[in-house]
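What follows is a set of notes on a single structure, which appears directly below.
Letters A, B, C, D, E and F name the chains as they come in the text, with residue numbers starting at 1 for each one.
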Amino acid sequence: MSTPRTDRTIALLETLEKGAAAKVQANLNSMAPDLFDTLLGFGLVDVLDRPGIDLRTREMLTVAALTAMGTAPEQLEFHIRAALNTGVTREEIVEILLQIAVYAGVPACINGVAAARKAFEAHGI
Amino acid sequence: MSTPRTDRTIALLETLEKGAAAKVQANLNSMAPDLFDTLLGFGLVDVLDRPGIDLRTREMLTVAALTAMGTAPEQLEFHIRAALNTGVTREEIVEILLQIAVYAGVPACINGVAAARKAFEAHGI
Amino acid sequence: MSTPRTDRTIALLETLEKGAAAKVQANLNSMAPDLFDTLLGFGLVDVLDRPGIDLRTREMLTVAALTAMGTAPEQLEFHIRAALNTGVTREEIVEILLQIAVYAGVPACINGVAAARKAFEAHGI
Amino acid sequence: MSTPRTDRTIALLETLEKGAAAKVQANLNSMAPDLFDTLLGFGLVDVLDRPGIDLRTREMLTVAALTAMGTAPEQLEFHIRAALNTGVTREEIVEILLQIAVYAGVPACINGVAAARKAFEAHGI
Amino acid sequence: MSTPRTDRTIALLETLEKGAAAKVQANLNSMAPDLFDTLLGFGLVDVLDRPGIDLRTREMLTVAALTAMGTAPEQLEFHIRAALNTGVTREEIVEILLQIAVYAGVPACINGVAAARKAFEAHGI
Amino acid sequence: MSTPRTDRTIALLETLEKGAAAKVQANLNSMAPDLFDTLLGFGLVDVLDRPGIDLRTREMLTVAALTAMGTAPEQLEFHIRAALNTGVTREEIVEILLQIAVYAGVPACINGVAAARKAFEAHGI
């Protein structure tokens, strides 16, 4: 059953990457029927969709946080692609990764470079 | 002995917070005479001072990363003050903290709120 | 303005610790007027209140997770008290802390012991 | 040479997953002849085998901790299978993963979903 | 009741810092009567007391690991004092902290400097 | 353009592993033309090349830190090979991994064993 909240979650996810919503929804809802709504309704509708910071800057912040944490390489790769899709440039991504070397160490940055390489290739840049 | 690199490190640190340079320099150089130059020359002159992302946005990225990591509450508090000093608004800081709840969990966000409370009080906002 | 969701969030927080809701609500809403609802509505109503695992066991899981992460000592102390309030015994708390030594190391366990000592004292046990 | 402690370590590991003991013992003892006894004697005999919390609940706690930490995806997958083997249900696993989203963030939960998918497939559920 | 293993644990802890054993034993055993033996028997007798690496180098490794993790500032301070007590020099400690800036970031190093300052003061150096 | 600093960075990286410099330089500079110099000039020339601790001991410290952090398995594998190349023995590597089990948990150690297995195979030991 579709609700306005689910629809908005899907629309936001499609803004981050065209084609992502169906895959993420299938992945999560195969675990529990409402997992997509509970997790991504919170993350996307309740938080990322708020005014105050534009989506482009929010994706930069997410790339910074996930690079620093170092525990979610696939989500980092997704959010580098999402950052590119919302207008962040290749050069800005590299600057973020380098900046994180200062705060979380050189290995975190080099892991970020590996994720960025795949994301840049997917974008043909 | 002062070098152009040390001078630039000090100038950047003073941009982040007036009066910080003398304290940080004394703190680090009491450990080893060149620790300030080695660590903060790298972090500030070699990285933060690069073009590509403006200092205001860089401080937002640092607040996001340190909130997500959760291991440096005093540096987080410093960088929230530095973010305010470079033009980030109180509202933007709160949005960053909330966004990090999505990526690093609610406790990381609540720790960020504690750091922000002190930083906002120091700024009288 | 009160909504059924806010009311349920408050009721759940009061179950975890009597008197907690007013403090947490004031703390978060001083940052942004809807921060309490957004963060704790998600954490408590959307997640902890779900059937499938009883609240007592959920608090044991939270104590395990926060002890392993080691980045939120005050929330760990709160959740040890909340665990006691939902029927977890002092002995079970100690067993959880010891078990986390296996998975996250002895220092994480010893930090947990420090949090438990304060929580046990608050409960007079 | 077999000792009662080694025998008990093996028995406990076989309870977690039939066939695991020989593989883990070979893996660790190829590094140092007593690594299996030192590490898993501690983890399994000295800690997991203690009374106070039953093995089924202990596996739920381990799944919570490893999902929150996010640094050991293979051990997480093993412990999801071990949880199923000690009586934890598929539904309870999913609830644990969702609960960890609150405390360690959505990416930690999604990494847990990836580990659970493999474990559920191995169990044909 | 004293056993040779408990005695050896106490002796090793006293080598790390004179007077530490009684305090640590009281702290842990107030939680569970055998917590000291279980945790520190493993950490000190089963691991640190092994040949292959001398205790002085082992303390350097522990300082490196705890500085990088950033979640146990009090244990880090203890192990900096223990490192000094087993022959590590003040200069070596500072070099370790600086090296960790490369691998875990500048804030981890600065947290280490704060712990080292207290440890150096306790040693009057 | 080659500078004395770049030359020294390359020489140090070749000491850690013959053939590494060209690969790392190509990897990083494909992101930004000066990324290799900025990151590894800091890490290798400004920090690792300092007197006070010999390179062999420094690689032991790096193996300890990366095993404890658990977020950079490929860099850990590289540094285990680098440790072997600077004179650390197979036995010492295993002792470091076991010691980290005490401070960061058994899964961190087992991840380290997986990295060590690959590094030992690459060295034919």
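Going forward, a contact is a pair of C-beta atoms (placed from the backbone, for glycine too) under 8 Å apart; a residue touches a chain by one contact, two chains touch by 3 or more.
Predicted, not measured: the structure shown is a model, and the values here were computed from it.
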item	value
Chain labels contacting chain B and also chain D	A, C, E, F
Most distant chain from chain B by Cα centroid	D
Chain F against chain A, contact positions shared by both copies (same if over half, else different)	different
Reference chain E; chain at largest CA-centroid distance	A
Comparison of B-C and C-D (more C-beta pairs in contact)	C-D
Whole-Å gap between the CA centroids of chain A and chain D	30
Computed distance of Cα centres, chain F from chain C, in Å	39
Multi-partner residues of chain C (each touching 2 or more other chains)	38, 42-43, 47, 66, 69, 71, 91, 94-95, 98, 101-104, 106-108
Overall pattern in which the protein chains touch one another (line/ring/star/complete/other)	complete
Chain F contact footprint on chain C (complex, rising order)	101-108
Chain C-facing residues of chain E, complex	27-28, 30-32, 35, 38-40, 42-43, 66, 69, 71-72, 75
Residue numbers on chain D that touch chain A, as the complex places them	69-71, 91, 94-95, 97-98, 101, 106-111, 113, 116-117
Contact footprint of chain C on chain D as seen in their complex	42-43, 47-48, 50, 52-53, 57-58, 60-62, 64-69, 91-92, 94-96, 98-104
Interfacial residue positions of chain D with respect to chain E in the complex	38, 42, 46-47
